[in-house]
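Both complexes below contain subunit A, partnered by subunit B and then by subunit C.
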Partner chain A sequence: MLRKQWIAPLLAAPLILLFAIFFVVPFIEIMRVSFSGAGGVMAGLAWLWTSPVVGIVFLNTLQLALSVTVICLVVGYPAACFIALQPESRRGILLALILLPFWTSVLVRTYTWSVVLGREGILNASLIWLGLADGPQRFMFTPLAVHLGMVQILLPVAILTLVGVMTELDAGLVRAARVLGASPARAFWHVFLPMTKPGLVAAAMLIFILSLGFYITPALLGGPRHRTIANLIDLQVHQMNDWTNAAAMALVLLATTIAAVAVLRWLVPDRSLYGSAR
Partner chain B sequence: MTSRVTRIGLAIWFGLVIVFLLFPLLFLGPLSLNASEILSFPPQQWSLRWYRALFTDPSWSGALWLSFKVAILVTVISVAVGTAAALAIVRHRVRGSAWLYGLSIAPLIVPGIVIALGMFMVFARLKWLESLPALVLAHSVVAVPYVVVVVSAALRNLDETVERAARVLGAGPWQTFHLVTVPALRSSILAGGMFAFFASFDDLIITLFVSGALETLPLRIWNDLNLRLDPTVAAAACVMVAMSMAGLGIAEFARKANLRRLQTEPDHG
Partner chain C sequence: MTGISRRDLTRLALGGSALLLPGVAGRAWAQAATITVNGSGGSLAKSLERIYEKPFTTQTGIGVRATAPVSLAKLKAMVETGNMEWDLTEMGGADMIEGVKNNWLTEIDWSIVDPDAKLPAIARQKYGMVTSTFSTVIAYRTDKFGGKAPKSWADFWDLKAFPGPRALQDSPVQNLEFALLADDVPADKLYPLDVERAFKKLDQIKRNVVTWWSTGAQQVQLLVDGEAVMGTVWNGRVPPLKKEGKPVDIIWNGGALQLSYWAVPKGAKHPKEAMRYMATRLDPVKGAELVKDSPYPGFAPGLIEKLPEDVAKMLPIHPDNVQVQYTFNPDYWSEHRPKLSERWAAWLLA
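Our next item is the complex of A and B:
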């Protein structure tokens, strides 16, 4: 192999250059703009504190991320168990069924929900046809719609992460517990579940981090009454033309994400978290 | 551990999850083949008119073509930049290679809207909005991480003694690289390239902030969704789904096959 001193920096140089200009400089610009508003250095931060909208949107985003995470774990865990219990030859096909929707663009998947849940959508048509509803019900622009959309997008992440952990752990330990007289329920609660805890934590944090930055799904399915931080940033830039507020908001989102990543690294120190997702 | 009842219960649960994950996508096909202007289900009459519109209406076919062009350029750049970086990280263990790996996967963790906003503000100052090269490089930042992750995983599994053997037998560094390392990694590079292609082809958020009047296919769909529901969107969505399932299916297959092949080579030491 090439072992000369200069070759490694040379190989890394294009990436460093690309990321410096298109990733690091934009960050510095966000920082700069958030502290250089027309109203002084602290204008952006002051807006964060005083605007009633920011607090509501921030809490709404956290609450949404949290509930989506919990739903994904509760729904995904048994599904991951099912895949992990199959013989290895069959797992590939089952995983493919999870990967198919996972690969589809988020915009397309969100769009299909708007077709299903809309006023003249498939769900309303079916409900009326079945006689379960007299007229069209409102599903769009409700928390239900946002949750359905986001869970459908993030559930594969939960399942793939959990299957990764479940297939790696030592099945012999569960068998040992059974041989030593534990009931199936006891073996599950005291042996299997604790062994999958790293996977649960990793999946939870991954989904939480990804949910925090969601833009498309809340915008299309939640409408103006269920905005997230990402939607508010977009609104500040494209409607209000207020870059200082947008940048300040972006810093809040970034800080929240970094905090979540730090907690994740602290809880699961030595795992390649992206090993199973894509 | 599992009784019969538990197993049946889990199977039913899994079936429901699959239905939930796939069911919205199942409506796309019939919707895109609906002859009527209004999105009705099930369609009364079938027609290919929305596909015709997608490929002939300049605003749609132009967007499709632009997306293709951008994604191809992004793929070429990401594969080159990402593979080089993976080599630096895994083979040469440069000082701070852990740091370099962290930097290269950071765009996967940082919310897209934050990256998009930062780029928008920089591009606005430099007058880069509406520039195709700037859009391509912006997409490359979110596409490169996939190449780095996939290729460096394969490199870690590739036995270094094979490369050393080639060197001992008289191959030059470049010969070793392109006759030994690259063929061994070919399918992982292909997989990374596919992921990079779709990171660009499916991107909406960065494009929404930096592309100005350049309209890619996702942006065309987005602009349409906010105005009226044109069934051409369903046809465009169907094309995107078919493309990503085929492309990423190939990528995943290639990646797994490559890792398996590298792992089954005999152990040394």
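Our next item is the complex of A and C:
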């Protein structure tokens, strides 16, 4: 018989092994090769500091990730509520509808937006036909286009995470609040919302981290101001041939991701985040 | 007592492998090696397979495996990890300079590739052979300017005569040259670039450039979708669209004439076979056939003469077109690119 304390590590072993082989080892190797040039790590970090571009792009990336996260949560929360309140059979269908676009290639979905938002696209044609616009409006290469593209891709992550938490809740607690005289709004604010906090934090964390690494969508739908750190890394690797700078930026991106996780775990102590909400 | 002795078993095993051996030996003889040739893929890869790769394998027994895409980063990674997958790779002009500078390439044995020195000197370089020429040119929508057609970079900048959104590449490379041409700098006096003047000229048009493209597929998509009415493209992208009846055309005037190479990476496993394969690019008949699919001709002697005039006119090395383009200088960019790219990125963000 296995001792109880061995079971958890054993169950996690395949995953840890996978990550060690396909993430940790290549990561260390890339860092070693990248920083083996003249100056090493310090040259890369010094460049980050002196470049007129990196700081701005980094802030733009953070800002973009943050606004996309907020929009996903605001839009996703009511949708998740609605789905969680449905009877189980219908919930399955609704979740399948949410998952359908999730399985479609990001590149395809990003290009599709240019069909909708383009100068000669569906939206402009409709506006002109309805008499709401005199000529083609500019939607492509604007913040609107980037946010639409990214939110559409990441929204399923928000909804799925939130539905998971909401269906696990003890619905009796909300009923109890109502029976004891709380208004629907009060029952929501003081009972339902706090119970879904772990879901909100988990969804926020996932979306924020995924947004930080976004690359194709901002490049195709956005303007120069929407270039992300990932775009800059690509530029350094493929155009400038400077792996030291690219690796330095990758390190900063990794550090930011770890920091984001740390902050969120500090906001919500881990038990309620990973355990069941009940 | 056992029915079969150990000796019987050994004999049986030997007999078995003897049966297998002819197959193995036969294949090894028929196909001395398989070379891996890295190119840009896409529809061009199919033409290359039909015109060059298959006949070469039939003739020599050397197999050809095509890979894509062209990437200097990949070349660097393979050389530095000692894990060379390619025997031959396509390279752009600036990449070629980087490759030579960093010692990532093998010297070409011209006695194998071109023993009779049929190629012009420009195509015979120490570490590479010019396989094709291409040009970054202005493309425009023929239906957007009331029958008028832009003729130069000055017209590209002229938003009154030719109104509408523009598209340029997200890179200082060539865009600085284009800006200087628009500012009336003669094509033969471009280098070294007057960077201040170029950026000042670019300021005039920055607001009207709706997007800064980064991939080849984007350039024409932007025009076809009407996102831009004028933009830069690689010359080969437009003829197929014209054939489909799309209202687009290109202007050769002010185009950036560039060379594309074949090189053998350092550590390639079959350099001799790769160089034998390189030699097939000297055949003008094959070259003429390839150019019909893709207007990026090399310097195979007698190529232009083999083509009908309407096809020849669509090539960057047609004498009429050579006259009006400028010759792109990869040396300049190899030296100044890091600094100028940084400035470019900052300029775009400002």
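In this text, the second predicted complex is superposed on the first by the 226 of 278 C-alpha atoms of A that agree within 3 Å, B and C clash if a C-alpha of one lies under 4 Å from a C-alpha of the other, contacts with A are read in each partner's own complex, and residues count from 1 in each chain.
Note that in this section contacts are C-beta pairs under 8 Å (C-beta built on N, C-alpha and C of every residue); 3 or more make two chains touch, one makes a residue touch a chain.
Quick caveat, the model's predicted, so the values are computed rather than measured.
Undergrad: Quick check on the superposed pair: does A:114 touch subunit B, subunit C, both, or neither? Answer first, second, both or neither.
TA: So A:114 meets both subunit B and subunit C here.
Undergrad: Where does A:33 make contact in the superposed view: on subunit B (first), on subunit C (second), on both, or on neither?
TA: In the superposed model, A:33 contacts both subunit B and subunit C.
Undergrad: Which partner chains sit in contact with A:138 here, subunit B, subunit C, both or neither? Use first/second/both/neither.
TA: The answer is second: A:138 touches subunit C but not subunit B.
Undergrad: First (subunit B), second (subunit C), both or neither: which does A:174 touch?
TA: first
Undergrad: Which partner does A:225 reach: the first (subunit B), the second (subunit C), both, or neither?
TA: second
Undergrad: After lining up the shared chain so the two structures overlap, which partner does A:237 touch, if you call subunit B first and subunit C second: first, second, both or neither?
TA: So A:237 meets both subunit B and subunit C here.
Undergrad: Have a look and say if subunit B or subunit C is in touch with more residues of subunit A.
TA: Ranking subunit B and subunit C by residues of subunit A touched puts B first.
Undergrad: Would you check which partner chain A:41 touches, where first means subunit B only, second means subunit C only, and both and neither mean what they say?
TA: Touch partners of A:41: none, neither subunit B nor subunit C.
Undergrad: Looking at the overlay, what does A:259 touch: subunit B (first), subunit C (second), both, or neither?
TA: neither
Undergrad: By the touch definition above, which subunit A residues appear in both interfaces, subunit B in one complex and subunit C in the other?
TA: In subunit A, positions 33, 114, 118, 120-121, 220, 237, 243 sit in both the subunit B and subunit C interfaces.
Undergrad: Provide the residue numbers of subunit A that touch subunit C in the complex, in ascending order.
TA: Those in contact with subunit C are residues 33, 51-53, 56-57, 114, 118-121, 138, 140-141, 219-220, 223-225, 227, 232, 235, 237-243.
Undergrad: Which stretch or stretches of subunit A touch subunit B in the complex?
TA: Per the stated touch rule, the residues are 1-3, 7-9, 11-12, 14-16, 18-19, 21-23, 25-27, 29-30, 33, 75-76, 78-79, 81-83, 85, 94, 96-101, 103-109, 111-116, 118, 120-122, 125, 152, 155-156, 159, 174-175, 178, 184, 187-188, 192, 209, 212-213, 215-216, 220, 230, 233-234, 237, 243, 246-247, 250, 253-254, 257, 261, 274-275, 278.
Undergrad: Mind listing the subunit C positions that touch subunit A in their complex?
TA: Touch residues, subunit C against subunit A: 71-73, 76, 80-81, 98, 165, 170-171, 210-212, 214, 218, 221, 225-227, 337-338, 341-342, 345-346, 348-349.
Undergrad: Touching residues of subunit B toward subunit A in the complex: what are they?
TA: Counting only subunit B, the residues touching subunit A are 1-3, 6-7, 9-11, 13-14, 17-18, 20-22, 24-25, 27-28, 31, 38-41, 77, 80-82, 84-85, 87-89, 91-94, 100, 103-115, 117-122, 125, 137-138, 140-141, 144, 146, 148-149, 153, 160, 163-164, 167, 173, 176-177, 181, 195, 198, 201-202, 204-205, 208-209, 218, 221-222, 225, 233-234, 237, 240-241, 244-245, 248-249, 252.
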